[in-house]
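Which chain is which? They are A, B, C, D, E and F, in the order written, and residues in each are numbered from 1.
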Amino acid sequence: MRFAILVNAGPYTHQASDSAYRFTRAALEKGHEVLRVFFYHDGVHNGSRLSVPPQDERDLPKLWRELAERHCLDLVVCISAAQRRGLLDASEAQRHGKDAYNLSTAFRISGLGQLIEACIEADRMIVFGD
Amino acid sequence: MLVNRKAPHGTIYALEALEVALVAGVFDQDVSVVFTDDGVYQLTRNQDTQVIGTKNFSRSYRALEDYGIRKLYVEQESLQARGLATSDLVVLVQVVDAKRLGELMDQQDVVLSF
Amino acid sequence: MAMLHTINKSPFERNALDACLRIATPGGSVLLIEDGVYAAIRGTTVADKVSTSMKRLSFYALGPDLHARGYSEAQLIDGVQVVDYSGFVDLVVNHESVQAWL
Amino acid sequence: MAMLHTINKSPFERNALDACLRIATPGGSVLLIEDGVYAAIRGTTVADKVSTSMKRLSFYALGPDLHARGYSEAQLIDGVQVVDYSGFVDLVVNHESVQAWL
Amino acid sequence: MLVNRKAPHGTIYALEALEVALVAGVFDQDVSVVFTDDGVYQLTRNQDTQVIGTKNFSRSYRALEDYGIRKLYVEQESLQARGLATSDLVVLVQVVDAKRLGELMDQQDVVLSF
Amino acid sequence: MRFAILVNAGPYTHQASDSAYRFTRAALEKGHEVLRVFFYHDGVHNGSRLSVPPQDERDLPKLWRELAERHCLDLVVCISAAQRRGLLDASEAQRHGKDAYNLSTAFRISGLGQLIEACIEADRMIVFGD
C-alpha cells in the first residue's frame, strides 16, 4: 500500500516526530511504499543539519537522513513554514541574502502542492503532530 | 477534508491550515473544510490583531470560495458551547451536528488535521 | 500574599483554567491572555465557572488578545476587568508573585 | 466505511478524546498513542467514558507508548487491544482512512 | 518553586524541567518541585522508553535529593483522578491537597512552570 | 522594579513569544528594568538569524534584536535546549564541527544557571509558553 506521512511538530519538543519516524520505518519494513514524508509547521525542524542532541539521546534529523538513504525516501519541508522558522537550504539562503543555510541535504524544500499531491496519490495519509 | 480544531492567534495552526486549504483549492480537488471545537473561533467577525502584531487572516476565509472551496462545515455543538451563532461568522457555512459531521468524515479519502 | 495567575490556554481545549481555579487561594487574581481570553466571554459553557470563582478571585482579560479574537468589552462576563500590556505590567508589580498556568 | 482515529493527547489535559467520541461514527476504531494511552488505563476518572464507548468503537493502545509511561497490558481497561508499530501499520491498512485528533 | 503539569515523553517539558531542577539545586536555593495534573505521571515506576527511542529520565527524579532538593509535592486530587497512589511513584513525595498546594505556592518568590 | 522573563515557546508557532515581547516592551516603556530574557524549550528559535517571515508578518527575531539594541537587553538562549534544536552560535558550531551557525548576534548562548540567577536577582519572574 502507498502511504504518505505528514509531520506537524518539531523533533524532541513533541513525540510526534518519533512516532512518525517509527511508523514510517515499520511500514517500510512490512514492504509498504512511503511516497512522501511532508514536514509542516514546526515539523520543518526535523530537517536541521545543525542539531546536536546530547550523546545519550536519539538524533532525529540523522535518523530521518539514514532512513531516507536506505529507502530513497522523499523528505519534503514546506517552504513557507521553513522560512518563518529559519530553516533554509543553500539556494534559499542565497536568495534571501543569508550567508548560511541549515537544511540537511537529505531533505528538499518545496511548496504545499507537494502535500496535496501526496494526499491524492497515496492510499493513506497519516498525520502526526501537536 | 481539512479539520480545524484550534483557536486562531494563540497558535499558528489555524493560519497554516488556511494556507493548505487555499493550495488544495488550486488542485481542483473536492475539498471540504471543517471547523469544530475551538476551530469555530477562526471564523468569528471583528477580529483585530493590530495590537498583538500578528496577521489578521480571518477575512481570508471569504477567499476560499474564489479558490473553489464551497463546502465549509461548522459543528453545531461547538458553536453552541461557545455561545456563537452563524451570524457571528465571517463566511456562510453549513451547520451540522456531531453525528452528521462524523458521517461526512467517513466519506473522505483523506482527512488532514491541524 | 496575593498571587497573579496567568492563563493562556482556551478553557475548552485544555485543563489550565480548571487547575488554576482548583488550586489558587482566595484573594489572588487571574489574568486571561492569548487563547485564555475565551474564558472571559459571556454565554459560553465555561462562563458559570468563572462567575462563581469571582467571589474568591479577581478576573482580568488582556484587551489586545480579546480584540484580536473579535470580542469587545461589551461581551465579557460581568466583573471581568480589561487591561492592556501596560496594565499587565502593573498587575505584575502589584502582586507578590506570578504563576503561569501553561 | 470504517475509519481509524488516532489520539495522541492526554484525556486529562485536552479535549481530543471527547471530540473524537462525540463525532466518530459507530464501527470505527480508536488508536491511543503517545500521551493518549493514559485514556486506556483502568481506574481513572476517564475510564468509564472509554468503556461506555466500546459498544460503538474498537479501542487499541500502542504498546511501546504504554510501556514508556510505566504501564503494562494488565492495567488496561477490559477490551482495549495492544498493538506495536507494525500493528499500527496494519490498522491503517485495514481501515478506509485515518483521522488524527491533534 | 517548579511546577510540573505535563505528562512525560509526549512532550519534552518534563525532561527539560527536570534539568532546571537539577541546576537550581546546585545554586543552594530553597527549591520545591510540584507535580500536579498530568505532571504526576512523570514519577510513575516501571517506565521503559527503549522501544520509543526516547530518554528514560524517570529514575533521575531520585537524584534530586543528591542535589539538595527534598521538597517534592504531589497533588492528591491529581493522583486520585489517575488512579495512582504514592506506592506507584519512583520517589518519596509529600502528598498535599489542592488547598494546601495553593498555600504553598503563595509562599514562593518565584514560580517556574513548564 | 526588576523583571526577568522566561520564554518557553517558539516564535510564530505559539503567541507566547509575541506576548513576552510586548510585555517586555511595555515594562521597559514604563521605566522598569528587565534584567534578562531567557529562552528555553522551543523559545530558543527566537534567536534565529535565518528566519525569513513573509513581508506582511512581523519578524520576531528582528523585533527582539532591535529591542535589545535600544535597551541593552540581555537575551540568553539555553545551550542544551538550543543544541537539541539546531541553534548554534559561531563558537558552538566550530566546537561541534559544523560549517554554519544560525544564532543572531543579539543573543548569547549560556547555561540554565543564567535562568536560576535571574530568578534570584529579579523582583518578578514572568513565564510565557506553550
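Quick notes on this structure:
One rule holds in what follows: contacts are C-beta pairs under 8 Å (C-beta built on N, C-alpha and C of every residue); 3 or more make two chains touch, one makes a residue touch a chain.
Every value quoted in this text rests on a predicted model; they were computed, and no experiment measured them.
Under the contact definition stated at the top, the chains bordering both chain D and chain F are A, B, C, E. Comparing the centres of all chains, each the average of its CA atoms, the largest separation from chain C belongs to A. Centroids of chain B and chain F (each the mean of its C-alpha atoms) stand 33 Å apart. Inter-chain spacing, taken between the CA centroids of chain C and chain F, is 26 Å. Separating the centre of chain B from that of chain C, both taken as means of CA atoms, is a distance of 26 Å.
The set of chain B residues that touch two or more partner chains comprises 9-12, 37, 52, 54, 109-111, 113-114. For chain F, the set of residues touching two or more other chains reads 8, 12-13, 15, 19, 22, 41, 57, 80, 125, 127, 129.
For chain C, residues that reach two or more other chains under the stated contact definition are 8, 12-13, 15, 34-35, 64-65, 84, 97-100, 102.
Remark: the chains found to touch one another pair up as A-B, A-D, A-E, A-F, B-C, B-D, B-F, C-D, C-E, C-F, D-E, E-F.
Residue ranges of chain C in contact with chain F, taken from their complex: 6, 8, 33-35, 64-65, 84-86, 88-90, 92-93, 97-100, 102.
Contacts from chain A toward chain D in the complex involve residues 1, 3, 8, 15-16, 19, 22-23, 25-27, 29-30, 32, 124-130. Across the complex, chain B meets chain F through its residues 9-12, 52-55.
On the side of chain C, the complex with chain E involves touching residues 1, 3, 15-16, 19, 22-25, 28, 96-102.
Those residues of chain F that touch chain B in the complex are listed here as 12-15, 18-19, 22, 56-58.
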